[in-house]
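Notes to accompany the following structure.
So that you can tell them apart, the chains are marked A, B and C in the order they are listed, and the count of residues begins at 1 in each.
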Amino acid sequence: MEQLYNSVIEALIFASDEPLKPAEIIRAIHGIDGEDVEITPGDIDAAVELLNERYSLESHAFTIMRVAEGYLYSTRQQFAKYLGFLSSEKSKRRLSQAALETLAIVAYKQPITKPEVESLRGVNSDYTINTLLEKNLIAIAGRSETIGRPILYSTTEEFLRYFGLNKISDLPKPREIEEIMQDEDFLEQKRKLLMNAVEENLEKSMESSGEDAGTTE
Amino acid sequence: MYRIRLDQFEGPLDLLLFFIKRDEINIYDIPISRITKEFLEYVNLIKVLDLEIAGDFILMASTLMHIKVRMLLPREIDEKGEEIDPRAELVQRLLEYKRYKEMSEELSFFESETRKLFWRGNFEHDEKEAPPEYEVLLKNVSVYDLAKVFKNILMKATKKEPVHEIKKMPVTIDEQIEYIMAKFESFNELHFLSIVTGMREKIRIVVTFIALLELVKMGRLGLRESSNFNDFVMYKLNNGTTV
Amino acid sequence: MEQLYNSVIEALIFASDEPLKPAEIIRAIHGIDGEDVEITPGDIDAAVELLNERYSLESHAFTIMRVAEGYLYSTRQQFAKYLGFLSSEKSKRRLSQAALETLAIVAYKQPITKPEVESLRGVNSDYTINTLLEKNLIAIAGRSETIGRPILYSTTEEFLRYFGLNKISDLPKPREIEEIMQDEDFLEQKRKLLMNAVEENLEKSMESSGEDAGTTE
């Protein structure tokens, strides 16, 4: 690949507001300079690697991320606090626990129907699924062949972008059930216990016994 | 009794897992009586608080009651001849739920990390050679968008009250009387269709027909059958007599 | 001004979705590091100057422009043709709201005539129907038997492929969309009804199974 294309690749990714796929970069270069320009996805990945090394060396504030099987510029994490101060975008609420639970189920079991999600969560999920559809984090992916032919849902490219993932398989694997059962310590339950149990009792016991009543169990 | 902020629980499974952890219960040997009792206490609390999740909790409460009753009955036997623990299914559900709850924490972690990243904010000022013409096709349009748009159209369409609008007629009978008589200036006989052909609005044809009836009543035109059953012939009269 | 702020300024301008004014940059830095940090609009302009010199020296594909009394990034002119190619490719794939509406109606009501589409949309639809025909998302499917024998339209294979559907009946039914689009109020009501129903059963089974379960209030 010619040297010039390093800069073309830089410009194309820089000017894109969504993860830019290697195929799109190649199409633009072929579209302008002709089909006989030799350039492969591997070339592009190497160019991106090079660019990132230079940004790091030259200590620039941004880097190219691999997201949703494409490339997208982002600032480095260390500036988050300054950016967060000005940005209205990021002051947006985080996803609710319900939304995250539902997304986790859809991400690992996709494509999946709403009844299946609901039976796993034990709660009605109409509202959550609608929220996720509106946010384009999940999408309708056809119908199941089971009785009633319920709608199937799967995650989207926006899901990958939102969580900074290159592909679904970048998510850690869920633990096996056997493994969970062997847990001596249901860590997360403990955390919840510490977080929100007994606030009132705690206060009371602090009042009455004074001192180090903070150890709640 | 611990006081728990109920809205912190995503659902009945979440609450049950909490009890199990808190009381260090062996998940294989859940004391169903005790846990049902505790669960019901919380359900009552939810009802008082009128939380919207109450329905799902009550559903679980009835499942627990059902298990509790089955625990009192002689055990059912499976095909291998082993006793079926009435709690087995619930345990399986709890573990499976826990599994995805853990994954939702992973997602939450990825979310936090990604929120520290800021994508490039302003793209409009990049120098681009303007695309020749604006073409339209599909991008970022999902099946859901399609369905939602259709639903909104239907809602809009059904919301429309049937409005009986009285439109001012674009033609008058007098005008059409003149129109017909003008035609008869050069003919003594005309087919009805020949004078209405080419009229765009239905109303104009209707008014023309009424004008014709008016002319017949006035004795200025007469009518007779045509060889074509869908048409008829008009002929000029002079004060009721054929010209 | 401290060296660090060169990078902070770089990151802030990079992530801003409109030309970023010096006052905003100062506000963010003061907001995070305290009001006593000394930084003037002149410092910021000098920092931008420095950044641009470096981009030029390091031959990067972008530069910071001064626009509307603020700063914003732009890719360099010489890459315009590649960007133009990409953006026209992308704009090709955007569907206007009008076209989407028409497509939705054809998809759900097919085969359907233009007058029927127009009566549902309440507007003339010649242009959008032609666009969709050109894009091969809808096609002529014969003529209606009604007066004037108007042309009937239906969706195409291309339509199914785009939306990842196997057949038209895979489209979610308006009822299903209704279900997931319900607002929270409605869900709450539904839950209350369910609650009352289950409650009765619950009390009955509590009475019959005896023991201590009833003494909970």
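We adopt the following convention: a residue touches a chain if its C-beta (ideal position, glycine included) is under 8 Å from a C-beta of that chain, and two chains touch if they have at least 3 such contacts.
Every value quoted in this text rests on a predicted model; they were computed, and no experiment measured them.
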Central subunit by CA centre of mass proxy: C
Farthest chain (mean CA position) relative to chain A: B
Centre-to-centre distance between chain C and chain A (centres being mean Cα positions), rounded to whole Å: 17
Distance from chain C to chain B - Cα centre to Cα centre, in angstrom: 20
Centre-of-Cα separation between chain B and chain A, whole angstrom: 30
Where chain C touches two or more other chains, by residue: 11, 14-17, 73, 75-76, 79, 81, 83, 85, 164-165, 172, 176, 181, 184, 187, 191
Where chain B touches two or more other chains, by residue: 53, 55-56, 118-120, 126, 128, 140, 142-144, 147
Chain B-facing residues of chain A, complex: 14-17, 62, 65, 72-75, 77, 79-80, 83, 87, 89-90, 94-95, 97-98, 100-101, 103-105, 107-108, 120-124, 133, 136, 139-140, 156, 162-165, 171-172, 174-175, 177, 180-181, 186, 188-190, 192-193, 195-201
Touching residues (chain side chain B, partner chain C) in the complex: 33, 36-37, 40-41, 44, 47, 52-56, 58-59, 61-62, 65-66, 68-69, 72, 118-122, 125-132, 134-151, 153-154, 156-157
Chain C-touching residues of chain A, taken from the complex the two chains share: 7-8, 10-12, 14-16, 24, 27-29, 31-32, 54, 58-62, 73, 75-76, 79, 81-83, 85-87, 89, 114, 124, 126-127, 129-130, 133, 140-143, 151
Interfacial residue positions of chain B with respect to chain A in the complex: 2-5, 8, 10-14, 17-18, 20-22, 27, 53, 55-56, 60, 92-93, 95-108, 110-120, 123, 126, 128, 140, 142-144, 147
